[in-house]
Amino acid sequence: MPRNHHAVPTLVRVTACTAVATLALTACGSGSQGGPGDGPVKVGLITKTDTNPFFVKMKEGAEQAAKDSGVELVSAAGKFDGDNAGQVTAVENMVNSGVKGILITPNDSKAIVPALEKARAKNVLVIALDSPTEPQDATDALFATDNVKAGELIGQYAKAAMTGKQAKIATLDLAPGVAVGLQRHEGFLKGFGIPEGDPSIVCSQDTGGDQAKGQTAMENCLQKASGINVVYTVNEPAALGAYTALKAKGLEEKVLVVSVDGGCTGTKAVKEGKIAATSQQYPLKMASLGVKAVADFAENGKKASGYTDTGVTLITDQSQTGTEAEDTAYGLENCWG
Amino acid sequence: MTATTTPYDQLKGPTAVRRLLAAPTAGPLAALLLACVFFSLTTEQFLSGGNFSLIVQQVMVVGTLAIGQTLIILTAGIDLSCGAVMAFGSIVIAKTAAEGTLSPLAAITLGLVVCGGFGLLNGLLVQMIPLPPFIVTLGMLNVAFALTHIYSAEQTVTGLPAPLTALGETFPLGRTDITYGSLVTIALFLAFAYALSSTSWGRHVYALGNSPESARLNGIRTSRLTIGVYTLAGLVYGIAALLLISRTGVGDPQAGQTDNLDSITAVVLGGTSLFGGRGAVLGTFIGVLIVGVFRNGLQLMGVASIYQTLITGILVILAVTVDQISRKKAR
Amino acid sequence: MSTDTSMTPVLQARGLVKKYGQVTAIDGADFDLMPGEVLAVIGDNGAGKTSLIKALTGAIVPDEGEIRLQGSPIRFSGPQSAREHGIETVYQDLAVAASMDIASNMFLGRELRRPGVLGSAFRMLDKKRMREEAAAHMADLKIGLRSLTQPVETLSGGQRQAVAVARAVAWARSVVVMDEPTAALGVRESGQVLDLIRRVRDKGMPVVLISHNMPHVFEIADRIHVHRLGRREALIKPSDHSMAEVVAIMTGALTVKSDGGTVVTDADAARAAGVSAH
């Protein structure tokens, strides 16, 4: 009977689908706790992605702080760096699930604003971590690294290291129009004491903060200009990419590479001398401050506000006179990722 | 075939219930219902009109893209460029309107034309050269992505005139707020479900996906049909662009980067075969709801978002496996 | 079946030529199909019978020569134009849409719409009428199938062939051309398809049957068109010649004289074909 040929796969399909759906759900649902309302206070954490070690560390900090303050942490992330729609969806779902506050590292500082405004209209405390929204007052508070200062520290360091030498600088930047990258770049120039467009800057390339692209960018810079002796990088993956390119040309000893982040991989690279110095930031601290602020708000209705600098420290083993720095032992103790 | 004639007792066609059970959408529908039951039992907030309205609102952009994707996949094609084309359309609409170059209505029209134009170009390349859809749309993905970033100068467009975000507004239905945009998406699904099942055009799309050569031998103008399908899909992406703007309230050059794969996921979860010629657009609606319900439900349960990705991956592999098995059985 | 030469041939061709660069696919071929007959077209691989059939069904346009339909000269611009003139072809791969049901396949490319505004403005298909008419056509040819709403891919090879034949017969007004209809079928199903061809002829529809299968040709054909080296080598009745002789004509070992007798042109080949030299 031909009709049966058609009926069988349908049956298979139904059974198989349900089986897996149920299995999958029981497997990953087991760790979750009950509902809202009279349950513990919920805090939402929305990171840019959930694969970058920076955000992994941030989440760890938030989890620890949540445990300490007796609140429940729910987390979500964009699917890729720049994914605004995913973050909007996460905000909506968290508001719907009754969170007291949302901590967010916005993927798009402008595009996220309408969703955050809706959340705040429902009396949810919204705190930006790591980078501000535009306008900055679209969130109640901002807990972040001062990125200009982070750039300034390595700028000053490079300046001191290059005393008496003619600097030829390559800057490996993030991407056009992204505030974090622009601020670090600006800070570096300020610290080095040169204006944008100074002739000592012989090459500027975007890396997207990616190691492979950082390497390509450095290779291109070395093709473009000879005698580069200072390389500013927007983050450590870009710095390590640059180091690989320099090493291939046998230039690694002659070039000073400076960076920003203070991740554990990057800090080790400082210890190994691949990177001369880096400005270390503290994602764990941003998150734990954020969770505590929400817990406070739940307890006494007081909303955190304004900008809180979560600090930045210059890490290097070859300190230069006139710059304050910690060594890599300190750096490795406090690093993230 | 026998010499003796048997009576044609099935002339009425299958009953509605039988059709539903035999349809390739039966499995996905069961999975969706089960997921809903599961989340209703495990979380307190899942089972509410407001939450369902939210889920539909959250899937309206990818859902609309997936309508165009379904059309193309039914012809045994694939469109990797849909998200990028939508992003470009949304930037065109947002930027021309926000800068006052065009009136909101003219900006929206231009956006539709631009997206439709990309679809037309896809269709022409696939049909006329001819090139594999995978390659054509992969190229177009990069073209549209680059144009988006060049035209927007990497800047998010804000300060949009009110008509552009009108579809993001809500109206109360009982105690639930419904987004106008959700209704647009649902209306599009119903319109295409009708066109595919009850018009000659729909039959020809299925025939084309089964075998272009057979379709041609039966007098179907396959070139025109193919180009038409890609163009129509492009226009649908234009509508998705408008929905995207209305949902986020800005023109975002970073938008839509994973929407091509997300829309393919929805189509496959909905029981439409990647080999063309079988499936249904309402299945795609179910597929996109499955993704939305899991994302929402797991979030409400407090499960980390990476598990959604895990589950979606498993479901996709399962759906494709079931498709393969049922195709083999049919042979 | 009567093949009275005084009748006008349904489909006729004189001096068809088709060249592809240096290759001559059709080399001055003639063709005659009389009303109500089953005409088998046979020929060795490469004899050019496919090209001939393509020219007659509009799939290729010949460089020279004339085609007449019901006595009037005609030019086909493509398969669609041949279809519009009532010539239907059952292709070897059947040209069916596997996932679609029988009624949908029957009306593929010629769907019926609902009357009134539903049909004109909403383009709504008249599924009920298409099912009814499909059922009527199937009944007409005594093809028994359980359901017209099952996908064609769930049918057996013979059933699919029956659907393709029924579709061609339903739409044909002048001729049905069948390309190797039994090539992919087993013995029992082949017999059923041959029965079906007989029923088509009994309805008065002439059939052009392209086949390699000599027993099938001898079982069903009223006349046999033997194609060789791009032209018609002979037009014979199966009753006048043995199967071995026809094979010998096909390979060029025998030549048919104008009086219907044969002469051996290649004794070795004739012996190989099993024909003894007189």
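For clarity, chains are labelled A, B and C in written order, and residue numbers in each chain start from 1.
One rule holds for everything that comes next: a residue touches a chain if its C-beta (ideal position, glycine included) is under 8 Å from a C-beta of that chain, and two chains touch if they have at least 3 such contacts.
Keep in mind the model is a prediction, meaning the values are calculated, not measured.
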### Message
By mean C-alpha position, what chain is farthest away from chain A?
### Response
C
### Task
State which chain is most central when centres are taken as means of Cα atoms.
B
## Note on the structure
Cα centroid separation, chain A vs chain C, in Å, comes to 72
### Message
Taking the mean of the CA coordinates per chain, how far is chain B from chain C in Å?
### Response
44
### Message
On a C-alpha centroid basis, what's the spacing between chain A and chain B, in Å?
### Response
33
### Query
Where in chain C do residues touch two or more other chains at once?
146-147, 151, 154
## Note on the structure
Expected list for chain A, residues touching two or more other chains, is 5-6
### Query
Residue numbers in chain B touching 2 or more other chains?
330
### Query
What does chain C use to touch chain B in their complex?
79-80, 83, 89, 91, 93-100, 104, 108-111, 113, 122-125, 127-128, 131-132, 135, 138-139, 142-149, 151, 153-154, 158-159, 162, 189, 192, 195-196
### Query
Which of the residues in chain B end up touching chain C in this complex?
1-6, 8, 10-11, 13-14, 194-195, 198-201, 203-204, 206-207, 210-211, 213-215, 217-220, 277-278, 330-331
#### Entry: chain B partner contacts - residues on chain A that touch it in the complex
5-10, 12-14, 16-18, 20-22, 24-25, 28-29, 31-37, 42, 50, 72, 74-77, 79-80, 82-85, 88-90, 92-94, 96-98, 107-111, 113-115, 175-178
### Contact set on chain B toward chain A in their complex
21-24, 26-28, 30-31, 34-35, 38, 42-45, 50-51, 54, 57-58, 61, 153-156, 158, 244, 247-250, 252, 254-258, 271, 295-296, 298-307, 309-311, 314-315, 318-319, 321-322, 325-326, 329-330
